[in-house]
Structure formats: C-alpha cells, structure tokens
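Questions regarding the structure given below will be posed in turn.
For clarity, chains are labelled A, B, C, D, E and F in written order, and residue numbers in each chain start from 1.
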Amino acid sequence: MTRIDGRTADQLRPITIERDWSKHAEGSVLISFGDTRVLCTASVTEGVPRWRKGSGEGWVTAEYAMLPRSTNTRGDRESVRGKIGGRTHEISRLIGRSLRAVVDYKALGENTVVLDCDVLQADGGTRTAAITGAYVALADAVRWAQGKKLIKGKSQPLKGTVSAVSVGIVDGVPLLDLCYEEDVRAETDMNVVCTGDGRFVEVQGTAEGAPFAREELDALLDLAVKGCLQLDGAQRQAVGG
Amino acid sequence: MTRIDGRTADQLRPITIERDWSKHAEGSVLISFGDTRVLCTASVTEGVPRWRKGSGEGWVTAEYAMLPRSTNTRGDRESVRGKIGGRTHEISRLIGRSLRAVVDYKALGENTVVLDCDVLQADGGTRTAAITGAYVALADAVRWAQGKKLIKGKSQPLKGTVSAVSVGIVDGVPLLDLCYEEDVRAETDMNVVCTGDGRFVEVQGTAEGAPFAREELDALLDLAVKGCLQLDGAQRQAVGG
Amino acid sequence: MTRIDGRTADQLRPITIERDWSKHAEGSVLISFGDTRVLCTASVTEGVPRWRKGSGEGWVTAEYAMLPRSTNTRGDRESVRGKIGGRTHEISRLIGRSLRAVVDYKALGENTVVLDCDVLQADGGTRTAAITGAYVALADAVRWAQGKKLIKGKSQPLKGTVSAVSVGIVDGVPLLDLCYEEDVRAETDMNVVCTGDGRFVEVQGTAEGAPFAREELDALLDLAVKGCLQLDGAQRQAVGG
Amino acid sequence: MTRIDGRTADQLRPITIERDWSKHAEGSVLISFGDTRVLCTASVTEGVPRWRKGSGEGWVTAEYAMLPRSTNTRGDRESVRGKIGGRTHEISRLIGRSLRAVVDYKALGENTVVLDCDVLQADGGTRTAAITGAYVALADAVRWAQGKKLIKGKSQPLKGTVSAVSVGIVDGVPLLDLCYEEDVRAETDMNVVCTGDGRFVEVQGTAEGAPFAREELDALLDLAVKGCLQLDGAQRQAVGG
Amino acid sequence: MTRIDGRTADQLRPITIERDWSKHAEGSVLISFGDTRVLCTASVTEGVPRWRKGSGEGWVTAEYAMLPRSTNTRGDRESVRGKIGGRTHEISRLIGRSLRAVVDYKALGENTVVLDCDVLQADGGTRTAAITGAYVALADAVRWAQGKKLIKGKSQPLKGTVSAVSVGIVDGVPLLDLCYEEDVRAETDMNVVCTGDGRFVEVQGTAEGAPFAREELDALLDLAVKGCLQLDGAQRQAVGG
Amino acid sequence: MTRIDGRTADQLRPITIERDWSKHAEGSVLISFGDTRVLCTASVTEGVPRWRKGSGEGWVTAEYAMLPRSTNTRGDRESVRGKIGGRTHEISRLIGRSLRAVVDYKALGENTVVLDCDVLQADGGTRTAAITGAYVALADAVRWAQGKKLIKGKSQPLKGTVSAVSVGIVDGVPLLDLCYEEDVRAETDMNVVCTGDGRFVEVQGTAEGAPFAREELDALLDLAVKGCLQLDGAQRQAVGG
C-alpha cells in the first residue's frame, strides 16, 4: 500500500528544524512535519510562580495555539471568543508535561521557561511537532541561561531529550506520522511522547471508530518508538550534536 | 506488599452503583469507587445541535465538575472564576469520547443525551468512576427514551458497554485503581477505558516521575483490562443483567 | 383543603439532616426538605480576606449552586456559560447574610468559614433548605476549629441558631414550605429566616401575581415563624442537643 | 430626636421628578431622593424575547447600574471587570419584578420595554428611587407607544402605580427613607415596594445587626406604606395627574 | 450653505460647562456640546499603580462609556455583555493620552487621577466633549489635591490646557463640530486635540467615503484649531479664569 | 544624522513581501518591514454577517494579534487573559477601516473577507506592515474568488491600492518608518494610510512628549506620503504588476 503522499507506512514526513527563527526569544524554532509548521519560542525569566518561591527549583510550562487560518477553514480566535477551548487546554497541558519529564528543576534553579507553540500551518500532527520543536527551543534557552549565568550549577537542567509522533490505524493498516487527511480517516489515533532512549513519557490512544485490540495497540507503539528515534536524530542534527 | 487500605495490587476498591438516585433525570447513578463518589445524570432531549440537524443521527456529550469541597482543600468554583480549567475540559472531553465509542448514532435517532458527572467526594479515580457510572446512566436513559418512543428503531443505540479504571506504578509496583494517596506517589499514572469485551477505547498513560519502559506499560495494560472486566460485571449486576 | 402531597397548610415536608456526609469538609450536611436535597459543606481556613486582616475578626461567606440536572429540565452550567446568573448571586448573598447574623466575629478570631450549598435535587425551597443545613454544617465546623485550637477564646462564635422556610399564598390560602408545584402557582411567595428565639434575620416577600395586603403578609409571617421553630427543633435533634 | 439632615422620623427627603430628561428615550426621568439622583430611561421596541414570541404578551425588564464615581469612593466599572456584581444583579431583578407587578402583558401586546436605571449620584435609597422613577418613565413610554399605535388595545397596560422606599431602625428608632449615613448605621434595613392603593409588591427586610422582633417589623411596614403613599403623590404631580 | 441646525460651517454648537455637578468627586463637570451631554468626574487617590511605585511620579487615566439609552436606539450594556467594545477601548485610551499630554507627573507626585467620562446623551462629538470636559474636572481635582496638601510641590501639575473638537467634510464642505446627523453623512471625519496655544496633541482623520486630499486635510486642521481655541475660551470662562 | 540602523531620515527599512505563504488561505502574505514580520491571511467565505444579508453587498474585516514572544519581553496571551486589550482592538479596527476604504462592496457581492494579521516578530511599525501586507493578501483573495466565480460581476471589487507607514519626530528630526528603538524615543508618532494615488485614508498622529506644531505635522505628512508611494511600488512588484 502506498500512502496519499507516497510514503511507506513507517515513514515520517520531511522534518525541518530551523533554529533562531526569532530575534527576541531565548530559544526559537520553526519546525515542520511536512506541511505542518509550528513556531516554538522559549522565554526565560528569572523567578518562579508564587507557589514555588523559595524552593530552589525552576518551572517549565507551555502554551499552544493555532493561528485562525492555519487550518483549511478559518477558526474563530480564542481571544475574541474570550475563552480557551478544551482542545487547546488539553494540548498545552500535554506539551508542558512532556517537557517537564526531562527537566531537573533543581539544576534549573529558580528560573521559569515558557514554551509558546503557535501553529502557523496545520496538516495533522501539530501537537507532536510542537513537542519536538519545543524541546529544541528549550535546550537553546537553557544554554542561553547558562551563558548568562542565570543557571549556575554544574548539573544539566535537561536529563534527556524528548520528541513526539502520531500513529494511527487507517483502513486497517498502522501508519506513522499521520497527515490531516489520514488523521480524519483513522479508526484509531495515538500520540506518543518518547525520550531519546526509547522510553515513554506519554501515551494517548483513542478509538475514533471501533475499539482497538491489544495487538493493534502493540503495533502502534512499535511504530511510534521507531518514529521518535528518528525525530531524536533530527533534533540532534539541528543542534549540531 | 500490602496497600494503604489493605488491598492486593490487582484489587479494586469496593464498587457501589446506585441507580435512580434523582427523581428528575432520565438516568441517574451515584457511583462509588471506595471513597470517591460521583453523581452521574443522563438528560435526554429531542433534537440535536445545529451542526447535526437533518442527519438522522443523535449526539452524546458529557460535562464533568467537582464540588468545591469534594477535595481535601476547598477549590474555587469554576463558575465564580468565570472559566473552566484545563483539567475539567480534558476530563469532560474524555468522558464524552468514551461513551460515544459505544453509541450507534443512527439507532439513537435525532436525540441528544447529556451526561453530567459531578464529583461529590474525591479520593482518586474520579474520571474513571465517572465513565463507569455514566455508562449505566446512559443505558437507563436510552431505555427510558425507548419506552417513550423517542427512540423508535429496532437496533440498539448502545453497541457495547464501557467502563474505566486507573492503574499506576507506585514504588515500582503496578497497582490497580489508585486511591488519592497512591495517585500522588505514582511514578506512572494511566487511565484505561475498555469495552466489555476487553478492547480499548482510550489509553492515557503519563510518566509523573521517570519515563517508563515498554514492559511497565504492558504490565499496566494487563492490570487495567482485568479491572475493567470486573467493573463490567458490577455494571451488569447493577442493571440486573 | 388538602395539599398536593397531603399536607395541611401549616405542615412542613419531612425534614432529614444527615451530618458528616463528606470525609473532607470540617462540617458537612445533606439536608432534605421533602424531595429537595442540598449538600452543605463548611470549609475552615486560617486567616481572613485581605480587607479584614489584622482586625482580629473572622469571616463567614456562602456560595450556592444547582447541579445542572437537579431540576426538571437540565440547566446550563454557570461555569460553562462563564458567568453566574442573577438568581445564584442573590441566593448566595442571602445565605451568607443569614449565617453572619448569628456569628460573633471576635469570638471566631481571624478564621474564615466558607459554606458551599450545592443543590443535588430541587423541589422548591432550595434556599431555605440551604440556610437550615448550612447552619448545622457551620456549627460542626466551629466545633472542629475549637477542637483544633484554631478558635481559642471562651466565648461562643455562634450567638444563636438560624433556620429558614418558604411560605406563600396559593389559591388564596397561606401555605408553609412550598414544594415546586405549589411555588409555581403561588400568588405571593415569601422566604423568611429566623433565629431560634423567633426573631427575624431576613424577610423577603414578593407578589408573583396581584399585590398582597397587610393581613396576608401577617398571616404568612405567622406561618413562617411556626415553621422555623420546628426547623430549629430538627436542627437540635440532628446535633443531639 | 432629630435626624442628621433635620428630618423627622417619618419624613421623606425632598423628592424631585424631572420628566423628558433625554431626547432619545421613549420615557426618561431624572429622579432625586435628596442627594440620590437616578436617571431612568424607558426604551420601547416592537417584539418580545424569543421565549415569548407568539404569546400576544409583552415584556418589561430593567437594568440598574452605578456610575463609578456616583459614590463616595470610586468603584471599578463592571464592564471593565467583565462581570456584573451580585448587588447589581439583585437590584436589577428587583426593579424588573416591581414594575412587572403592575403590567398587564396582554394589554401591552408584543412589545418590550427596557428600563435603564443609572445612578448618577448615590446617597442611600438608590434602588427605591430607581423603582419610583422607572415607574414614571414606564408610564410615559406606554403613552408614547399608544400614541404611535404600537399598543392598540383599549385596556390599559398599567394596572396600577408603583413606588418604593427604604425604612430602617437606627439607634432603636424606625426611620423613613434613609440617607447613606443612616443606612450604614441601621440595625435593620428594609426596602418596601407598594402599589398606589397601599398593597405590597415586595418586602425585603434584613437584620444588619441583631435580629429584629415582630413589633419592629410592623413599625417599619407602617412607615414604609406611609412613605409610598407620599411618593405616589409625587409621581402623580409629576405627570400632572 | 446653512447647516441642519442653522450654524455656519465654522461655528461650534452651544457649549455649556457646569462644574461641581457631583458632591462626591474631587472634580466633576457636566459638559454639553449642543445635545451631547457628558458627565466627567475626576477621582483622586493617593498612590500609583504598582509599575510606577517609588518613581515619585503620578498617573492619570480615563474611562469612557455611554449609557445604554444615550443614543437613538438602545445599546447593550458592556457590563452585561461581559466585555468592552473596541470603540469604547479606543476612546478611553484617546482621552487618557490627551490629558496626560499636559500633565507634569513629577509635579503631580505619587497620586493617581481617574477621569470617568459617561455620556448621558449623545449627538455626535462625544469623545471631544469628553476630553474638553475632563480637562476642567482634572484641573478642579488638582486644585483640590493641592488644597488637601496631597500635592505638595510648587510647580504646577498641569503644563497647559487641552480641548478637542471634531471636524469633517460633508457634501464637500469642511464643517466644525459635527452633530450626529452630519457625522453620519461625512465623507471624512477628524478628531483633533489641541493645547490652548494651538499645538496638536492628537490628530485622527479617517476617510469614511473616498480618500481625502492634502488640501482637504489642511482645511480641516485649520477649522479644528479655530474650534479648539474657542473651546479653550469656554473652559477658561467656566473656571472663572 | 545617521539613524540607528544607518538609514537616512526618509528611507524605508528593507521591505519583503512573500505571497502564498500558507497553503490554506485564499490569500496569504508574509511581509517584513526590517525585522518586523507579519503574517497576513485573507479568508473568503460566501455570505455576509446577518445585518448585511440581502443587501447584495460584501464585507471586509480584520483581526490583528501579536504572538506572545514576538516582542522583546513575553506578553500574556489575550486568549488566556480572556479578553482583548485596547491596543489590539484599536489596531484591528484601523486595519479593517483602511482596507474597506478601497473596497467596492457591490462589486464584491455577498462575500466576506477576513484579514488576519498576526505579528510573528515585532520591531516597530507592526500595524503599518499589517495594512500593507493585508492589502496584497486581499487582492490575491479577490482574484481567487473571481476565478472560483464567487465574484461574478465585471467591475473590480478593489477601487485602488492601500499601504501604510509610520513617521515620527526623534530628537527633533522627522523620520520615516520607525523601528522599535526609534519609536520609543519619538516625541511625536504618526501612522498614515494612503492610497496608491497619494490620498489619505487615515491619519493618526499622537504627541508622545510635547505637543507638536503645524509645521512638524506638515513635514511628517510629506514624509509619509513619500513612504507610501514606495510601499505601493513594493506591492506592485510583489504581484508582478
């Protein structure tokens, strides 16, 4: 079987990671998973939220949003509606949790990093591209903060690397890195966040059509782990590592 | 190893399912998973949201909320703050998706069922208790609507049963149905929604501490499936089936 | 004349007051006036709002809400609409004022008690049931705080007891403790809050149909005072006093 | 005893009612109770809210607000805070109910009148001045609508007149029409809305300090009825009746 | 050509400035530009917003709003809608900037003045009337604060005077101080804020119909400067200067 | 005098206009004025807002926003704060008005075009870059709609071209196209929107420091008109015209 865009079932879309996209942010990455383009900026500020003051520990959080016409039909702005939708909330929380999984708060010290992931163009997999790009922006921001002596210790604030990919079952076949058209047709849809050593940070699988069996779940997990390892490679290449 | 409350690793807390708790709702269930108590009501209305009109298909949706003092320390009311938090949004969406997985929209006809899951007392597992209870309330509401001839067809609007349970790794040991104290200490936390025949509707696993390995994930899934089968039994018993 | 549910004009519905309903709250009461069921929890925290700091005086406040399907037809959640309705605001303020009428702020010390009154099932008289139940929850919370030495003085923080009942004129006849069906048909509707010694804390009478005469007002007040004295008895019995 | 401003206990402040204050509104009144000044406008529109369409009946509603510096210290604008406070909600609802008590919806036909009561300067009794002024604005608007043939029938849309006054017990003495300074010191505070024939539309009494006895309530009601009859006279004089 | 109301092209409407309109505010002015009536109050408080503390400098800000029925057809209240509209935001900001242009923050000391400009009746030019009236209210408030020794220095907090007027091209003719009917028909509409010595604080010109040429812009600016000088005279007369 | 970035007083920053930046929008432009980068998308939908239905005329509107870290320090998201700030409102309205000035609604037919202008990186002049870029996106969208026969008539929906530039007085010298650092230091700041034939659509000048004289205003207008003509050239070049 060949996919809509000619890929094999276990093939990622072309991945590009452009660092230092913005002149202001301490870390900034424009990441593409095919036609999905997400601008990820990392903003460092000294100090932490009130509930964490005096702990000696830092904080990392994330916000995700889509530009109104990043999608095929224009969506209303959440700022105009006056509230954030459930999907936005959910993805912002997922990105934050995923990055915090590799952060050593003690080593970060009482600094806060906010990751803003703004989808400029959407074609499926925006949350996984956001996590993958945000990790690189975060790593750049941490290096910046070390250079500025905001982070003083010797131990590294990042305990590992993180990337994410979507997988799904389309017409009975497990596929890696779904584009929008595949995503819409998928019976089962899963987002998997892995560390660079192939362990899991987050697994979110949903039956869009019929419930799925354990073997299907297993096949999807295998595919996702392979995809994340390739993304890990792309991240390393981007940072010249 | 014995757990805080004396259970074995693969043992559920005492489950109670009290039907017809409310005189107004078409289906209403007060469900307990140990000290966690959730009131689930199902409200049936003729007609569907605007975007679905004329399709001949029904709709099922859910809203989850916690009473301010259902928890150990009082939380602010979301109505007073003027917005719904990310966690609430996320769980409401999870409950809705989980139930829709077993709904045959055509058989339901152009009727809407809203499931309200209000946590009266929280001790871990509120979302899984909500799903498990809401399924019973939904089934009662469907029967009511069939009795009232709102649902006219012969095919059943519910294609299967659904229940949910949390699992997690605490001190390296996979445990079933975490209470709050265990949940706080868990390194990995997973919520699993299954159909009565042991297939998956939703799998959401999160590394709270260190990332988790594939074998750990597998052990948790095994445990969750066992738990859901027991919950399925409790549901059947409650409806006298 | 016999009423819908067989009561005489001056008869309360069956009253039940179940204390310690919740494991978390410092005081918690599930109160029923017939089919009206309200969960009242009292949450104690050390300290007072900013505007009262350093005064040596405590604070008591209340929030009222209805579960969406506590009523005959489902109402939208105020948290989802993003704002609190006028009726909710009004009743929350009424409950707070009613309880504060018997509080000695000095004796309470710089502690805050929040009363949450959540209507689980509504059949008329929800605000009066809420006040009557909240008083018992407040008394339990005060005892708890005295036991914990949060309240240290010798003088009692509660200067009296408080209960409330609705009265109204239906088909020209003054009735005590209206159920929903009676409430809808009432020409005049009054809520009365009394102390245990029969004095008034709050009187709110409204002409739903024709304006009412002084004699009608007098008859309603007589009925309400009698009802409150019976409720005072039920409160005493519940606390074993 | 003489009052702060030299009045006797049963004396109203100087009342002025200036009609046609605004060139745009169908009815507009600037009413003063002493230094309290409220601008009341009545806006007539053809048609009724959705839930009333086809009933042949009209609707009357009210909104109350205070200018930010109508009070001694500036209050935040509710539009800037993004929500309406409980007190504002409560008073808007009270004004609406009070006026609806004398409206014959059938005679009004499917027309809507919105009464806007904006406090330009506050010195106690703003809600009672608002009701008293709004009645005159409403009567003018009804006449306008009759002249424009929006209201076609022969029966009068207003079944009676309505006015309102505050009463309270200050230093043990029942007083009529409290100014702000008296209101702050009152042990008991009551707002009473009467029809021109001395019957009650609304009675709202609150113990600000100690609970009040039946005799006190009776004395306040007597005083309020007298006050309303004088206000009724002022209304009649203003409309040249 | 004669205008709707008989004025010449370069003639202002009758201007009235009534000081001390309110008993509470430190400065209060009811200003009329023809049928446009705006109540401007100046509220002085000691201290400045957080971001300005310790600077030794004061702050001046403004809020503009229209009463719902100040216009020909009733507008919704922004407090009820839960948000401020773009036009309101824009005008509030314009008024604040215009007044700050003549404020010496050092001389004002760490005091804040809030100008509230509430339109009681609208007939075109509400923002320019607001600026012109708010200046007088501000000057009165500054004098009050000097009298109360809140402002202690010898240098004057107001470095000049400010007034504003609208101009526009109607049927090809440049006109001064447009009333509503003219404003609606204007091809070009401009609001100009000047100091008493004829320099510009703010110039906002908008092509409502066809874009306008430089000569038209010049003619409008000439007209506006003349109008502002007359308004400056009216302000001086009002303060007896 | 040489400017910060080496430009002469009447020199624009490097302008780039990249069309078809997005695959989804009917028109999309990434425009740069030096380091200021704004993504402008034009979304076409059949039909018009309710208040314009049946008029045979179209509608054009705009929304402006900044990404949180488009600026030197991160700003809060307006969606998270739950409301749009005054500056955002003001600029959105300015962009909409500016584009509507060259739209022939009749020729557009009952179609709506929404222009979204999202600032990806800010360095002064974001609103003028937005207008200049949005015009190109709008022109592309109109061509698209003509190709799709959504726009059927022969007359052109765009009656002219529009561009915008900022000018200001820095250290007494009138400068064209201010970058952020210059903007902060400007005594007077003006945004000018012109049509391609050098007439004015919008002129907004503000004294940031001292009020400005007529000669200064004249010098700024001269400079702005020159700048807009160059921008008009850049727009033509971008569309190959």
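By our rule, a contact is a pair of C-beta atoms (placed from the backbone, for glycine too) under 8 Å apart; a residue touches a chain by one contact, two chains touch by 3 or more.
According to UniProt, the chain labels map to these proteins: A, B, C, D, E, F = Ribonuclease PH.
Just so you know, these numbers come straight off a predicted model, no measurement behind them.
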- Query: Going by the stated contact rule, which chains contact chain A (Ribonuclease PH) and chain E (Ribonuclease PH) alike?
  - Reply: F
- Message: Pick the pair from D-E, E-F or A-B whose contact list overlaps the B-C contact list by over half.
- Response: D-E
- Query: Could you state the distance in Å from the CA-based centre of chain B (Ribonuclease PH) to that of chain D (Ribonuclease PH)?
  - Reply: 50
- Counting in whole Å, what is the centre-to-centre distance of chain C (Ribonuclease PH) and chain D (Ribonuclease PH), each centre being its mean C-alpha position? 28
- Query: Tell me, which residues of chain D (Ribonuclease PH) touch at least two other chains?
  - Reply: 82-84
- List of chain D (Ribonuclease PH) residues in touch with chain C (Ribonuclease PH) within their complex: 83-87, 89-90, 92-93, 97, 101, 160, 190, 194-195, 197, 199-207, 210-214, 217, 221, 225
- Item | List of chain F (Ribonuclease PH) residues in touch with chain A (Ribonuclease PH) within their complex | 22-25, 28, 35, 39, 41, 43, 45, 63, 65, 67-74, 77-80, 82-84, 88, 114, 116, 118, 120-123
